[in-house]
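The structure appears right after this line, and notes come after that.
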């Protein structure tokens, strides 16, 4: 059998373990649902809407998220107990349809309203807004919190334009814990907003991802180049430069993130060193080592560290550093139990 | 700051987020211990010996494993409650020293003996055997079980020469649960042996890893080639061929594995679709989808599915498929609680 | 033009968008995430299939509604969501009328442009599809008394020059905004998609 | 030869192994996992450092023990573990003797080869370091009455031909065994490492 996924560029081939590029997302979802039947299910009305198996949870605020595929564990890996309730799944790096968002909303709604919690991308926003209007018309109250943690995507005075990247994991975790303990919609939304406001991320790309239906990389880096500030769709970052040592890269990411956080002596933080896909977790720990040194210098206390793949960009090589400044309540919410196929309690 | 890790081959550069290649392992360990201080610690006598934080566990059999670095979560990710007790850490893709193994042994021993459980590689075997002799001389009783699950590494009649790959995860899990419930050394060893005997794995490589101190890939595949049967150090497999569709690859791996297992109607299995490093988890679910179809055809029941990175080869692209045929006891041991920085209960 | 004629015209125009897959993907990649080729080409193919299956009695408004819904649903994205919202609102101005003429088309376009600008919080000059769409509607307004071929030619000329100008603009909206200066020298992908669509309509007309 | 002379001789021979880093890595990659360059070159550098720091009164047996322990510990692997076990056992035959001659060296080699074969469950013809080591010891046995230069030359000639023959052998031991036929055409990496070591000794001797 000949390979069907052999698009060429510059003499290179898309090297993926896939079947038809067009079925990538649907086959991935089929495999995922087969692997985790006790934890996830589809909404009965829509293939691209997934829910935690016990949704709707009566009397509790539902959290509906969504976005493009290709970022696992984000988004659907954060659907579960103490996390998001449902997710609308888009094509690779593309927004989910408003139909899928609406279906997830209807299937998740437990009578206490819905929090839409997702990354700040125009396409996602447009589709979520449409779905929210339609849900509203059905009597489902909703609130929306956009995640915009990526400091490299716009300057501080235009932070509302910033995209959402790995930091959304902290928003899912804290808002999910608030919903799980029974907070009302306004409170869950406030927790989500507070978490986002205290979260900053910056990433570095070493190579680009290849979208299956496109068949060639979204951007090309020279063999000795890195892209500082890269987005999780391979959006260009703030600068392109020669590859540097892990410590130098960690310093640049840390400086970008720390500049906007209030890291005083004794302050508590959560740290996430996230792999973008192809970078070995060994390298993430080498980055974390330096971040820990830098935080030690500031006198900040690492309450919890997360090192691994949380928000990826298919097979992109690279990493991001996220820091969340914690208050007492966020700390408790971060530590509260949660469970999904991708999240360990 | 200029990059120090820019070895060239064929005009290409080693593209890694590292500092000095020689400090790769030590810096990785430093970061890892800083990230998980409540779960892991070093043996007081040796930097390269790591233990679960509460080791030694009095009265329980200790499980000591070890091997080369570059395979995270294997090996040290499987040190924890209900898993292995301690680990000796080698350089990238190289055996740990007998000193490190002995130090791990001494620090883990809870008075009920030590099971050495590791992959079947000559270098590892030689160093573990030496350490076992020295431990014996100190009055520490031990048993050894070698994991040799890779069907591609030798024909069935020479299965004792087969290397240990991703299937060792099941051995850690089942033997770890047996030790945790208080089984004696002979029983824990028997459980480990039974698990290994019922476990088969086969993998495919799409690209090679680059060992930091070597600076170029261990092997080179053409842009449209795959290596069927590749080892987790990039050892050549059973054949090299043109890249095929995910379903065709899954079929070839499944056939290789299933040929040596007794998959009848109603039999219970655990499945592990493991990523070798650079392959997105989305692709692993596409592979799992096909494996599930094939098992459905056989009438076998998937008791538990594991899809993700468990035994990697740095940034190698590719995957492996492991199937474990379960009896009642192994099923219970697989489901028993366990916890480590890389294992969710 | 009846609904059936409109459906047929559109259907023959759409292959032009499939042909532009790579161009649009590359332009989007220069400034954003590179998915616009898939969005537009994939959407166009789905729309063509849907139009082929439509009842011959459908009104022009119905044809537009079906086409743009299928387009927006096939590959949801900024572009398809904005275009969907815009054209759906525009099609509403047609009501159930059995025929559509140039003036009615201009209405559809004006409403669509207004909705896109509102939802997208964008304006001409922000380096978006509006930089091709709005000038082309102005051109149509200036040739309402001409032949359909003249109208289309005027629209294409205006859209072309609008699209070319986007290459000199710094993007202020959408993913491209983050790239800032970097995208200079490349035309906006959405504007180019609209231009190719007009060219498809012209080619389709020439053929028939 | 005294311990101090032996240490100096070895120390000057070791750079040859650093130079062979890439060759050994490539040969090991052809049949195994490619780490032998690191094992041997890294080990040689560590041994050189350790020898430089040794007391001038150390016996030849002590020199060998320290050298091989450092080698085995620096980059543990099959090769270093086998060599370590072999040479440690061989060095034991020297006791505390203040001098070592060709006959004593031959004893060390014979014991080392036997231990490697036993621990590695391997024999001449299995495509391992034994295919260079054993013939070179036979050559030494045949030139015990010759000069040191003659002995070394005979050993090199035998090791060279043994190493070359490994390129035609199908590996039966170690990681290389899985590759089977694929490694044909490449010499065994461990045998080559031993050959380069002998060449280093010869070069070191020529210089001094």
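For reference, chains read A, B, C and D in written order, and residue numbers begin at 1 within each chain.
Going forward, contacts are C-beta pairs under 8 Å (C-beta built on N, C-alpha and C of every residue); 3 or more make two chains touch, one makes a residue touch a chain.
The model shown is predicted, which means the values in this text are computed figures rather than measured ones.
Q: Please report the smallest number of touch steps linking subunit A to subunit D.
A: Between subunit A and subunit D, the shortest chain-hopping route counts 2.
Q: With subunit A set aside and the rest fixed in place, how do the remaining chains group by touching?
A: B, D | C
Q: Let me spell it out: compute each chain's centre from its C-alpha atoms, then which one is farthest from subunit B's centre?
A: Most distant chain from subunit B: C.
Q: Select, from all pairs of chains, the pair with the highest number of C-beta pairs in contact.
A: Comparing chain pairs, contacts are most numerous for A-B.
Q: How many angstrom lie between the CA centroids of subunit C and subunit D, rounded to a whole number?
A: Using C-alpha averages as centres, the distance is 74 Å.
Q: For subunit B versus subunit C, what separation do you get between their C-alpha means, in angstrom?
A: That pair's centroid distance is 54 Å.
Q: Distance from the CA centroid of subunit A to that of subunit B, rounded to the nearest Å?
A: Each chain's C-alpha centroid was found; their separation is 28 Å.
Q: Centre to centre, by mean C-alpha position, how many angstrom separate subunit B and subunit D?
A: 32
Q: Residue numbers in subunit A touching 2 or more other chains?
A: There are none in subunit A.
Q: Residue numbers in subunit C touching 2 or more other chains?
A: Expected reply: no residues.
Q: Pick one for the touching-chains graph, please: line, ring, star, complete, other.
A: Chain contacts: open path, no cycle.
Q: If we use the touch criterion from the header, which chain pairs count as touching?
A: So the chains that touch one another pair up as A-B, A-C, B-D.
Q: Which residues, counting only subunit A, touch subunit C once they are in their complex?
A: Subunit A residues touching subunit C: 90-99, 121-123, 126-127, 130, 152-154, 161, 163, 211, 213-214, 218-219, 231, 233-236.
Q: Can you name the residues of subunit C that touch subunit A in the complex?
A: These residues of subunit C touch subunit A: 25, 29, 32-35, 37-39, 42, 72-73, 75-82, 85, 119-120, 173-175, 177-179, 182.
Q: Which bits of subunit A are touching subunit B when the two form their complex?
A: Against subunit B, subunit A makes touches at 1-6, 11-13, 15-19, 24, 27-32, 34-36, 69-70, 72-73, 204, 206-207, 223-224, 242-249, 277-289, 292, 302, 305, 307, 309, 312, 314-315, 317-319, 339, 343-345.
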